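Common to both upcoming complexes is chain A, partnered first by chain B, then by chain C.
Moving on, here comes the complex of A and B:
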């Protein structure tokens, strides 16, 4: 560092004053540092969101920019909330959400509980198990269509090996009602490790002395599990469920490539239906209202849930 | 250490746990191994019944991934000079000749450019904001932090409509810059939250000392905080990179040609009568491998990254 007269003066003056003299004030720096991020989010998240709200009251169609845009009030919202198709999609979404979360919590917690036995090599195994969740859902979804092929697919073949059901006698992605389970299987395969990792952190946060005290009190292992392990992991588990819930409500990429919403409308999640309305049928105004309804639903459910989570944490 | 501890699991329970976890790991890794091995199968081997575990490795999938091929008449085919390169040879075996390069290389490069570009920008903006949130009194700090996080809850399609319209007006649709800005906007919440956590852990005393020594705030930030936060910044960067790398919804809606990344491209690789699975698998392998390596490198910070810093271990 060069030793200018200003530097020397700065060293002689008290710190607060020095900062004023030698550079921007902390307050200015704070604003300078935060402003670009806020600006970017306003431009690419909030402004578009407000625009979506505005479009939702119109009959605008993005593929026909020349057409006159009419203000239609709440008609789009009314149509969506009274449409049977959309309630069916919401049910499909709910089915997907409930089953993926249940399976992931059960398997994820069990795995974490097993890994927490601290056997040799548990670190390496954890890293390997975690791999699927880091991969591109689109590429994974696409490849699973191959694993699910009735004749040549690995999945069907494995089922044949284990249960004896001929591999070509069922089609995971075709008609027959299996498709909605296919997407649940792939999602569970990908995201169980996520729940597992969070549960593992929860289990490792429980101090040994609590179990030691329970042992002194002669509490059975079973009782220790239900009165110590489960309640202490619960906040972690609920956090995992929150993340999975939000993510799967938005789910688009993996399912689009795996089933495209088919066969028929069997796996048509709300987000996929929204994409069709917006970018295939080009009903921009209508789909904007649809998007707002979905966003409000996630946001509302998440807020209620976070309140419950905080209560559990405080206990 | 005592010989007997109530909290140490017994040897038997350890072995049972180990066996169960190994079984799960094998089942869960099977699809990944299948992707990798299918990339090295020949066309017929990839679709044989029962599925082949042992096969003669072939680079056909990789050659097909990078080339486009045409079938020519038998006479023309017989009149061709002998193949000059190893890849010519592989292509000739299936009765076709190379017609040109495929788009895969280009799409892969787009993924690299957009991934690294948006990661650099997210980290740059995120580090500044995280430092300010960590060290200064910012008015409405908690509200701003929550606002930053809540942007992540939005379904991509909800903002994709106006972004599509906005980009069309601004000439940003299907450009690298447009995608970089978009992915930065999505990633910045993760970057700010993770980096704030990492910077919070650096003791303030270091900077205070530097300030007393005559550094300006800015110098203290650059010369004291940044080097201390290097590991945190690196792992945050990898998380941002993985997200941008894997992203599909925005890419498929907002890009079509010039700036299209690999995820929307790989599913469109088709051969005769459906997808060319060895080529798809080859593309998937090349695309997924960097992420697998990063995951292994990141394993210590994984939990923090996936929970936005909510769980730190």
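Moving on, here comes the complex of A and C:
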């Protein structure tokens, strides 16, 4: 008689349980295995979402649990969608999103294209480029605050060295309109390696014989790039844009550490404003409506994007 | 253009998905544009209609 762990478990299973399980169909057993996951998904994702929708129609405040909750209908949505402050935050978020994604895609793809060529020290260079992505956003936020110091910061010193503008004459994180760009620079520095890695995977998946066939047909390098490289890397690039788009739409930690939404409201992204409404002003109903607006926007965009991605992959 | 309208009338997925995609994109642009406050005000309802329409119409036949 064999004595594998499976046999031991089978012997240890009470006879009544074994008989009951033996009577189940394959479909029922499959459901039995999937049920805990479905239950967790419902409890952790779906229930809070439904609860947030419900709260968005009330004036509930989480710091006053004893207060009577009043049904306010669409008033929270009306107040948010007619607020000039929130409109300005959405524009700040759009500015951050558009510039970070554009820069990350351009620089990330270029780096991947360069790294894909075989040269000495290729692996070491890849590791060095990927390092910023591995750091915690809290660490990145803190050390870029030092780099941006007008008196002692390396960033201002480099700008002085290159352009001749005195280092102490401008502050990247202070008033003057540069704060918006300072958060874009840091996010691009941190997350370009991520886009580069995805593009590199795409570039390495292109078989060499396609380029060889193009060479035989005397296609120029430029033509090979636009008709082979770009179309075959496009699904990977779109995936990177999807990930970065969703991540940057809810960007919070790094910007809070760098600027805290300031100076004034210059870098106040929608996610930071939402956190202030929910956990500083304790307007839970109002902030739930705010969260639902952001959720529907991201969900709608992601659905369309996934559809486009599937179409590109099928081509 | 006529095939698009025919698709809409015959409840075909392609045409309806394209229409909902346009609505979602329009809603997002309205939400983030810096020119008209009224466009910002109506952005959510446009995005919501587009998103719900997209979920429903993605189950239509090809």
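We take it that the second predicted complex is superposed on the first by the 282 of 315 C-alpha atoms of A that agree within 3 Å, B and C clash if a C-alpha of one lies under 4 Å from a C-alpha of the other, contacts with A are read in each partner's own complex, and residues count from 1 in each chain.
Note that contacts are C-beta pairs under 8 Å (C-beta built on N, C-alpha and C of every residue); 3 or more make two chains touch, one makes a residue touch a chain.
Since the structure is predicted, the reported quantities are computational estimates derived from the model, not experimental observations.
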Practice item. Give one of first, second, both or neither to describe whether A:118 is in contact with chain B, with chain C, with both, or with none. Key: first
Practice item. Pick one for A:104: touches chain B only (first), chain C only (second), both, or neither. Key: neither
Exercise for review: Kindly classify A:93 by the partners it touches after superposition: chain B alone (first), chain C alone (second), both, or neither?
Suggested key: second
Check your understanding: Looking at the overlay, does A:267 come into contact with chain B only (first), chain C only (second), both, or neither?
Key -> neither
Point to revise | First (chain B), second (chain C), both or neither touched by A:229 | key: neither
Review point. In the superposed arrangement, does A:250 touch chain B (first), chain C (second), both or neither?
Key: first
Practice item. Using the touch definition from the top, say if A:259 reaches chain B (first), chain C (second), both or neither. Key: neither
Review point. Thinking of the overlay built on chain A, is A:300 touched by chain B (first), by chain C (second), by both, or by neither?
Key: second
Review point. Chain A residues in contact: does chain B have more, or chain C?
Key: B
Practice item. May I ask you to decide whether A:131 touches chain B, chain C, both, or neither, giving the answer as first, second, both or neither? Key: first
Practice item. Would you tell me the residues on chain A in contact with chain B in one complex that are also in contact with chain C in the other? Key: 299
Study note, to complete from the structure: In the complex, the residues of chain A that touch chain C are 77, 81-82, 84, 87, 90-91, 93-94, 293, 296-297, 299-301, 303-304, 307
Practice item. Mind listing the chain C positions that touch chain A in their complex? Key: 17, 21, 24-25, 27-28, 31-34, 37, 40-44, 47-48, 50-51, 54-55, 58
**Study point:** Residues of chain B defined as touching chain A within the complex
**Key:** 6-7, 9, 13-15, 17-18, 20-22, 24-25, 28-32, 34-35, 38, 46-51, 125-126, 128-129, 131-133, 136-138, 144, 147-148, 150-151, 153-166, 181-182, 184-185, 188-189, 192, 211-214, 216-218, 242, 245-246, 248-249, 252-253, 262-264, 266-267, 275, 277, 280-281, 284, 287-288, 291-292, 294-296, 299, 302-303, 306-307, 310-311, 313
Practice item. Name, in rising order, each residue of chain A that touches chain B in their complex. Key: 1, 7, 10-11, 15, 18-19, 22-24, 26-27, 29-34, 36-38, 40-41, 43-49, 51-52, 55, 62, 111, 114-115, 117-123, 125-139, 142-147, 151-154, 157-158, 167, 189, 192-194, 197-198, 200-201, 204, 208, 211-212, 215, 236, 239, 243, 246, 249-250, 252-253, 256-257, 271, 274-275, 278-279, 284, 287-288, 291-292, 294-295, 298-299, 302
